[in-house]
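First the structure, then my questions, so here it is.
Labels A, B and C are assigned to the chains in the order they are written; within every chain, residues are numbered from 1.
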Amino acid sequence: MTTLTAPDARTTPTRRPVLTVRDLTVVYDVEEPVTAVADASLDLGRGEILGLAGESGCGKTTLAYAINRLHQPPARIASGSVVFHDRDGGDVDLLALDDEPLRRFRWSQLSMVFQGAMNSLNPVRTIGAQLDDTLRAHTRMPRRERRERSAEVLTRVGVDVARLRSYPHELSGGMRQRVMIAMAMLLEPQIMIMDEPTTALDVVVQREILREIVRLRDELDFAVVFITHDLPLLLEISDRIAVMLAGRIVELDTAEQLHRSPAHPYTRRLLGSFPSLSGDRGSFIRDGGGPTAHDAGPETGTDAAEEDRA
Amino acid sequence: MTSVHVTDLTKDYTLRSGLRRTRLRAVDRVSFDLVPRRTVALVGESGSGKSTIAKLLTRMEKPTSGRIDVQLDDRTPVMGSVYQRHVQMVFQDPFASLNPFHTIEHHVARPLRIHHRTHDAASTHARVVEMLQRVNLEPAEQIALRRPHELSGGQRQRVAIARALAPGAQVLIADEPVSMLDVSIRLGVLNLLGRLQREDNLAVLYITHDLATARHFSDEILVLYRGRVVERGPADAVILDPHHDYTKLLALAAPDPERVGSVGGTRRGAARELPARDGIDNSVCYDHDLGDWVHVDDRERARA
Amino acid sequence: MTNIGPDVQVAAGTVATTPPTDPPEPAADVPGAPAGRPRAAWRMLLPSMTPWLATGLVLVAVIVVFGVVGPYLVGDPDAISDTGLSGPSAEHWLGTTQTGQDVLAQLAHATRGSLQIGLMVGVLATVLSAFFGIYGAYLGGFADEAFSLLSNVFLVIPGLPLVIVISGFVPRESRGLWTIAVVLALTSWAASARVLRAQTLSVRSRDYVAASRLSGEKPWRVIGVEILPNLLPVLASQFVYAVIAAILGEAGLSFLGLGASNSSTLGTMLFYAQNGFALPLGAWWWFVPPGLVIALFGMGLSLINFSIDEIINPRLKNARTARRRAKAARRRERRSATGTDGTAGTASTAQEVAR
């Protein structure tokens, strides 16, 4: 469906892509199989921030997991391809990798920051020890280098080096989320997938972390897939945005274009759902009377597949 | 019609760690009025004390000091069990605020029966169906028989609203009523609240961290920072012309595609610098109605 | 850094070849969509049928039927005949005791006795634990502290020795079934009360409890109608556990000769078998049947309890269904291996990847 044959600046990145996903279909093999992601195709440019927008159950998280082959049964990749284009020219077919190469590939080339990741830190080990574990699992660095590297990434995300000796509960939610981002950056991956990395945080903290992500991307030139339901936020930080609905990418465009003239009705609907902070009062606000279109519209998002995984 | 006058509301919590006791002032001398057909928004981050105010207003907690006066049009004070009938609340998480064991009918029927709004099974059922229809839950007859897990988040929140209105509430506390819902249905729920407010002449307290909906859905905004009101005034004035550093910080941090467009370039929007939070002083409050700053202690002195 | 060239405005028919659907419909094939008919609440509380649960239910049902109906079908358990200590035969299916009593008849009556005591203690202990656990936790504050202290005190009292002391203290003539039941219940409620207290504290803090209080529900209704149903699986589990413990405890007491004086239970049967030198004499038919009934009943109830645990802790059940589905998925992938090579699902969690 969204196979894009003609090269088009709006749907393909201008730089050589780092990741190509073609016609990816993910099926949940439950009693009645559910297609959670259908024929998803996208290119991720090197150093690009690609937003993936959609509501709960639209398949955005499933897609992100499938790209990294982190999906768990009953989810199954039914068809499609995911190809990683390495910095030095080689292509890797991610769906064909065996377990051990896949393990080495993950985190070193493609890392993830999970939803609510800040709560997935081990409470009884220090931040430093947990960063060290990751380094030890993926590299042969000597102890001192590992410590230096840990300190370096922590400084990069704006956390004091002294925090290496802290336990997770001694840090605020925003701090913990920064640590998770540091952990994802540890091995200098070429792609980072972030699944609602700031949803649980207060706006000010959220803004600080977003700024950090954009700055780091400018410095280190990794590509980011940023998954969230918060479209205004994506409009601010992404280069291009893919809008997902019921497992399909219904629109993929540059952030500017998407904001100015959304093509798909669902995109318009999503954009219309966010009252603008400083702009005019939308017509939808306080129009009162009977049920509005929003009122009566059926709600997407009873995707049993996603609930299943949660 | 019922209005609420909150005067110098203060709540302290005692934190115990070992033998040490420390006092935490969650809400510090907060005053505001809720009147019929008007919405007041309490805006702040987590820990600013906004949810504590909701608990105090619904009498789930007792204030340390200060007054909450609820009175009818003829100034008759509302007290005791009648208070509960007048002041109701919609909770944040629709997945937690309905009992998974009971049907939707049970949730709406109980407040009707408790407050003697209906007297027999038939009239209760008819009333439940009517309430569900009012919150746009159709087909109401069938939905009444379902259980919470069979409904979507938006539908559950509608049930929660119906339950809050069932006793005949005149004052509605909405504690982040849409923050757990999918974005495309948020406005639907907010518009529903707006319509019910007009129909029933409700006084609404809208608690949120979202400046945009606060601006569009309320008449007056109170910005809370560490338990104190730091800015108050008409909604548009507070958001479009913020005076206090904290309000400015909040407004700057909130996503706003409009502003990005004007700056020209998506990236710059994200990278915009935020003022430091360290120097922010919560002992002063800018009151747009007075057009002047008020010190938290001055007000105290003026009253004494 | 602008990746976007000036030609981005080209208004080519870019994406979205799906026919636009507005408002969007949820995927039609979503399972678990709201059913038209309401499902009864108690259905949610029932464990799903597994071979283990079926085995447990059959074991318990057979023993209960034997204990309830059996006594009417067998002869007088105390009738003495002259064929003492004879093995199983057509006349006496399970042989006879030293004094020529029919073991089958005794077993039927003893099973009934044991079930009685199990039920009595189960009910008593559950009521006690529910009162101290749930009510205390709901009230909070001083009452909670006091009730907690009380259950902690009862928890550290060593059960069996206390029971022995009390049983020994009460004169044999007045030591009836009820006395034993009360003694056993008093020493076994505390652990359950603690479990219930923890559960209640968790349920009590949920929004729907706050909401029902806010709508003006009386405390007893909040406990009984809003909180209690959500504790039923825990209560059931605690009840089953109490029954097992009571039957075993009573058997132990009776075996020591401290049981109820006017009743026959599986424990008293074992007591008499021991006194009659059943083991040295090789009269296995005397002591094996009561022992077996106790063991099988305990096993049956435990199997049921495991299934109840799955309701209390859905993660146990999810783990089971996930295992089953993983197996099915692997089978399917093997079958379709020709099409997409190497898409074998690797079950790995986020944590594993990070390491």
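The definition used in the following text is that a contact is a pair of C-beta atoms (placed from the backbone, for glycine too) under 8 Å apart; a residue touches a chain by one contact, two chains touch by 3 or more.
It should be emphasised that the depicted structure is a prediction, and the values quoted were computed from it without experimental measurement.
Most remote chain with respect to chain B, judged by CA-atom centres, is C. Between B-C and A-B, more C-beta contact pairs are found at A-B.
Separating the centre of chain B from that of chain C, both taken as means of CA atoms, is a distance of 43 Å. Per-chain Cα centroids separate chain A from chain B by 32 Å.
Of all residues in chain A, those that touch two or more other chains are 239, 256, 269, 297, 299-302.
Counting partners per residue, chain C has 1 as the residues that reach two or more other chains.
Counting only residues that touch two or more partner chains, chain B has 267.
Residue ranges of chain A in contact with chain B, taken from their complex: 55-56, 202-204, 206-208, 210-211, 214-215, 229-233, 235-239, 255-256, 259-260, 269-270, 272-279, 281-282, 284-289, 291-292, 294-297, 299-302. Across the interface of their complex, chain C is touched by residues 58, 60, 81, 84-85, 88-89, 91-93, 96-103, 110-111, 114-115, 142, 145-147, 150-151, 160, 163, 166-167, 265, 267 of chain B. Across the complex, chain B is touched by residues 1-2, 34-39, 41, 44, 206-217, 225-226, 229-230 of chain C. Residue ranges on chain B touching chain A, taken from their complex, read 45-46, 136, 152-155, 182-188, 191-192, 194-195, 198, 209, 211-213, 215-217, 239-240, 249-261, 266-267, 269-274, 277.
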